[in-house]
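Presented below is the structure to which this report refers.
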Amino acid sequence: MRYFKSDNTAAVSEEILRAIADANHGVALAYGADRWSEALDGAFAEFFGTPVRVFAVSSGTAANSLALATCCPPWGTVLTHAEAHIERDECGAPEFFTGGAKLSLVGGAGAKISGDDLLARLTWFEPHVHGVQPRMLSITQATERGAIYTPQEIGVLATIARQRGMSVHMDGARFANALVAQRVSAADLTWKAGVDVLSFGVIKNGGMNAEAVVFFDPERVADFEFRRKRAGQLFCKGRYAAVQLLAYLQTGLWKRNAERANALAARIAAAAPELLSEAAATNQVFMKLGDTRIAALAADFGFYPWGPMGSGEARFVCSWDTPDEDVDALCAVLAKLR
Amino acid sequence: MRYFKSDNTAAVSEEILRAIADANHGVALAYGADRWSEALDGAFAEFFGTPVRVFAVSSGTAANSLALATCCPPWGTVLTHAEAHIERDECGAPEFFTGGAKLSLVGGAGAKISGDDLLARLTWFEPHVHGVQPRMLSITQATERGAIYTPQEIGVLATIARQRGMSVHMDGARFANALVAQRVSAADLTWKAGVDVLSFGVIKNGGMNAEAVVFFDPERVADFEFRRKRAGQLFCKGRYAAVQLLAYLQTGLWKRNAERANALAARIAAAAPELLSEAAATNQVFMKLGDTRIAALAADFGFYPWGPMGSGEARFVCSWDTPDEDVDALCAVLAKLR
Amino acid sequence: MRYFKSDNTAAVSEEILRAIADANHGVALAYGADRWSEALDGAFAEFFGTPVRVFAVSSGTAANSLALATCCPPWGTVLTHAEAHIERDECGAPEFFTGGAKLSLVGGAGAKISGDDLLARLTWFEPHVHGVQPRMLSITQATERGAIYTPQEIGVLATIARQRGMSVHMDGARFANALVAQRVSAADLTWKAGVDVLSFGVIKNGGMNAEAVVFFDPERVADFEFRRKRAGQLFCKGRYAAVQLLAYLQTGLWKRNAERANALAARIAAAAPELLSEAAATNQVFMKLGDTRIAALAADFGFYPWGPMGSGEARFVCSWDTPDEDVDALCAVLAKLR
Amino acid sequence: MRYFKSDNTAAVSEEILRAIADANHGVALAYGADRWSEALDGAFAEFFGTPVRVFAVSSGTAANSLALATCCPPWGTVLTHAEAHIERDECGAPEFFTGGAKLSLVGGAGAKISGDDLLARLTWFEPHVHGVQPRMLSITQATERGAIYTPQEIGVLATIARQRGMSVHMDGARFANALVAQRVSAADLTWKAGVDVLSFGVIKNGGMNAEAVVFFDPERVADFEFRRKRAGQLFCKGRYAAVQLLAYLQTGLWKRNAERANALAARIAAAAPELLSEAAATNQVFMKLGDTRIAALAADFGFYPWGPMGSGEARFVCSWDTPDEDVDALCAVLAKLR
């Protein structure tokens, strides 16, 4: 079976394992007082070209939920796309961490929110106590349908958000894939465009079990650290999370892995471009195959049918370590099935 | 500087790193559908001599809090020792995960709860809606002052708990240290004595970043799995947590590491037995040194003064990888300071 | 100014005030141990023709939220209409009381959910830990757009819900209005059709500050009482809430008041039937007036424009004590504006 | 049976009922936009001699919990007496409303906290993420054992609190009883001494079902109003709560009722002064009667044995409407039992 189910079925890059082994000597003070954890802020500041505060957590769900809980009061609401991971795939984690804040959903092709859609949705909220108040916008980069936001698009959304007193969160579970897909900097895609806090994904792109929460505004860190501890996300042996993040940034792993995954996806997309249901901008490929083709593929390939039952759509995800031959095989079959 | 601050400053055992490297090949289905995660129940069933359900989480705080949240309603209360980790060192995580259940504190020497103390504390609660209801007992094994509960002692507590409709949780952050300190089985210390759910510690005793929650009653798992996901504690690359737990059990690492740590602590205790403020049953040594001796030691040794300011007490913790020469050095100084 | 803003701007019926005065003598045991509170279960059992457990609370929001919290775990979701009061007008109270359960929205004309829409929405949820699980259905009777569910319609929804293991909640803030609008019994509209728990509205229909939560299944009461206390909704002087509910039922006030309010609304609807945007089944009238007519009316009448800005729709609500002359005046102007 | 169980078994003063009847005419805008609700801030400002923001809620538990939730983050802790109502009699409501903040208990005779005890307790908390952070002090006036804090005593506590960045909450369920027991002003007992937010009790002292939350610092109101709505404590027919508070203040009812209740308690205390286990400063009398006397009294008098089983202590509470003859009877029996 050749797997295209998700990039989270991949193994861990050697650079990560090596960094762990290298740090595995002697005593290191617990709970983030080790030298690797203490190097995080600096390493990410360099990557983003601005001072930041960075915290490791053990999953994307934890990263997203803690970020939201820090910036949204219980009586607030987070505007997000109806297909967002925080809405669909986290079993209510944002509601749990925020103490019951509501997610308010926005539509949009490619799982992307447009400025117009955001503005329209915001008209629903009135500044009185009967309804929850818009306090955050959360966008996913790359989106759950593989699309990317440009710096300009983010800027439009962030400007609207700021005018309404909302913070901007980016779920960057596949941030590296979105970044290498554009000729822009990490800064362009985040703080320069108005992002306040970023869930910086590592695991799907070669990491083992550490993601980062990146705050571009140090003031917002005020209660994050207490919430992280209280959520069981402050690790006693912090070095083993920190070195993953450091190796990911400092060896260029983020770039190599994302570029390879994106390139493999591009090959799949090119194998049957007329079947694409989304432009394949990053490492995810969405195709309208129809149920017959899906059934034919399912014997040899692991992948997810997508969307509502009977939609005939399928998703193929490439990871940093997807074998070339698996992509070859898929492309060959797709070419035949066209 | 020679460190005796905590066993969580230790490195990771080679057996753990090797198991991770061995599992790092190719695709593994995400979120616990990999073969290592699926082997957890069986491996722990063998270890405990009874069917169990086992789940990996990333910290002891997460293990404890999820276990409590599964068994205690928001209007319930968890009886625990006033010095318990869940009360003192988790920043309110149990309250967060349970939706605001209360911890009700019991005293007792050695951070141990006696049957009499438990019974006395239970008289405070009346079966009416004005007060929270006792629904869980949580004990720590080994305790926060290095003491151990015998199977008989646990049995007494569990019988009382059961008669009041309470579940029994054991915080086993140092379970292995407590186990090797007695000539009893893992079963004797847990389900045979009446424990319902165990936070099974691995990290302090050679692990990297995985602890286990062990349910001896499968019915109690009902909502645990949803709560785990919702807490950001279900890992997409589950194999890297699972293999840590498997290696820990199956290579005998738990035993080797705990025996060494305990033996080192025994040497320290023997160096100045008249200064001991607790019997050194496991890998923690508590000594009433007085502030002068503490100051003298602090130049060369890293350790925590303990208890309220001015108590003159100090805690020394040995880990699986504390260098022999560090223990030699500490013993020598202690002998001189007697 | 003549007011048609809401039935919650009305005064309190004399029957209610008299009952309060009658109970205002001497000592009554606190927290529901008074004889009026103890009579609630019996009085409601008679009204509904089946044994019930009944609890007074101080607002409809409290009634709804406590009912939901009792039947839906934090990782569950409550399916409800997108225009439901619990979604739009309670500032996230359901999320707060449930510990972060999610509301999942269903569409439908008249703010009513159809069986087909419910079935379609249920296909979104998969029985895995990544998503919240459908555990409750909440419908409003009469709906937020004045429509009513028939016993048959409720039965269809409840059957679907039960097959998916979901409880059925009815927000009956205007239950009496819905009941007198049909030739059916209170039993037909609730437990006989499959409703498990009912927020039984009193305040809008002549009461002062007590609503009732009615459980048709006594087993579900298990943790409600603790949650009520914990929410500050157990009143020490319980008699003053209980007598409101008793007088409401036992003097026939519920019927007289609801019939009058519905009749007044029918007169308004009849004044310009071609402008109606909803059938005026109960005491609410929705009309597509256009912004010009709305502006013309606003000088003399207090009412709410409805729906999104620019919709041109208006809502007129009659209460038990809306003056006949106010209705006359509104009808006259509407007739002129046709 | 003559009742001395609690002042919450009393009836409602005529002044309150009359005010309700007087307001019961015609339309009043909902949710606090009525003229009585709008008069609350002014009436309380006059009473306290300073601008305040005032909100009606339906129970003391709601008042306390909402006040705490407004000023204490989830990772904070509220220092309070071990016998405080918020700890012992609210079924965990503070934990629920705050999202899981912890109560940290302080001892002290008469259920009063001393400055020394507060300072000692504060040494337990360290400014790191492992433990909850002291953010509020909550004291009860009069205390759960009938004692009063003087302005000076409150000032000492508030100064300590302020130096640690903590807000000061006063649970004034029996505030009027404490006020008339001293020759001081309402201002002296609250904001002048450093109280930030007050649960202002009305129900026990003649009210029906409205208490007030009084903020002396308007900035703290920021999120209170959302939390109140979200807790189901914003009443649609707000006038019926507001008029209770207005009548209570403006007719001098608070004073008349409290003075009478205190005077009756003083008579009981004088009947057997050597049996007193607390000075009877307000309307509660605590006596060490021994189990024999308690049993003898129980035939004719309703009251609560107090403290742990076998303590032999009893509590007698007088209310504004306790019959003189009931007090006579109790005094006579106590005199005989001496």
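The first chain written gets the first letter, and so on, giving A, B, C and D; residue counts start at 1 in each chain.
The definition used in the following text is that a residue touches a chain if its C-beta (ideal position, glycine included) is under 8 Å from a C-beta of that chain, and two chains touch if they have at least 3 such contacts.
All of these numbers come straight from a predicted model, not from anything done at the bench.
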Could you tell me which pair, A-C or C-D, is linked by more C-beta pairs in contact?
C-D
Taking each chain's C-alpha mean as its centre, the one farthest from subunit C:
B
So, in whole Å, the Cα centroid of subunit C is separated from that of subunit D by 34
Find the geometric centre of each of subunit B and subunit C from their Cα atoms only, then give the gap between the two centres in Å, rounded to an integer.
50
State, to the nearest whole Å, the distance from the C-alpha centre of subunit A to the C-alpha centre of subunit C.
41
Contacts with two or more other chains occur in subunit B at residues 31, 74-75, 90-92, 96, 99, 129-130, 226, 229-230, 234
In the complex with subunit D, residue positions of subunit C that touch it:
3, 5-6, 8-12, 17, 20-21, 24-31, 57-63, 65-66, 90-93, 96, 203-204, 208-209, 226, 229-237, 240-241, 302, 321
Subunit D touches which residues of subunit B in the complex?
74-75, 77, 88-92, 95-96, 98-103, 123-124, 129-132, 308-309
Subunit A-touching residues of subunit D, taken from the complex the two chains share:
31, 73-75, 99, 129-130, 133, 223, 225-230, 234
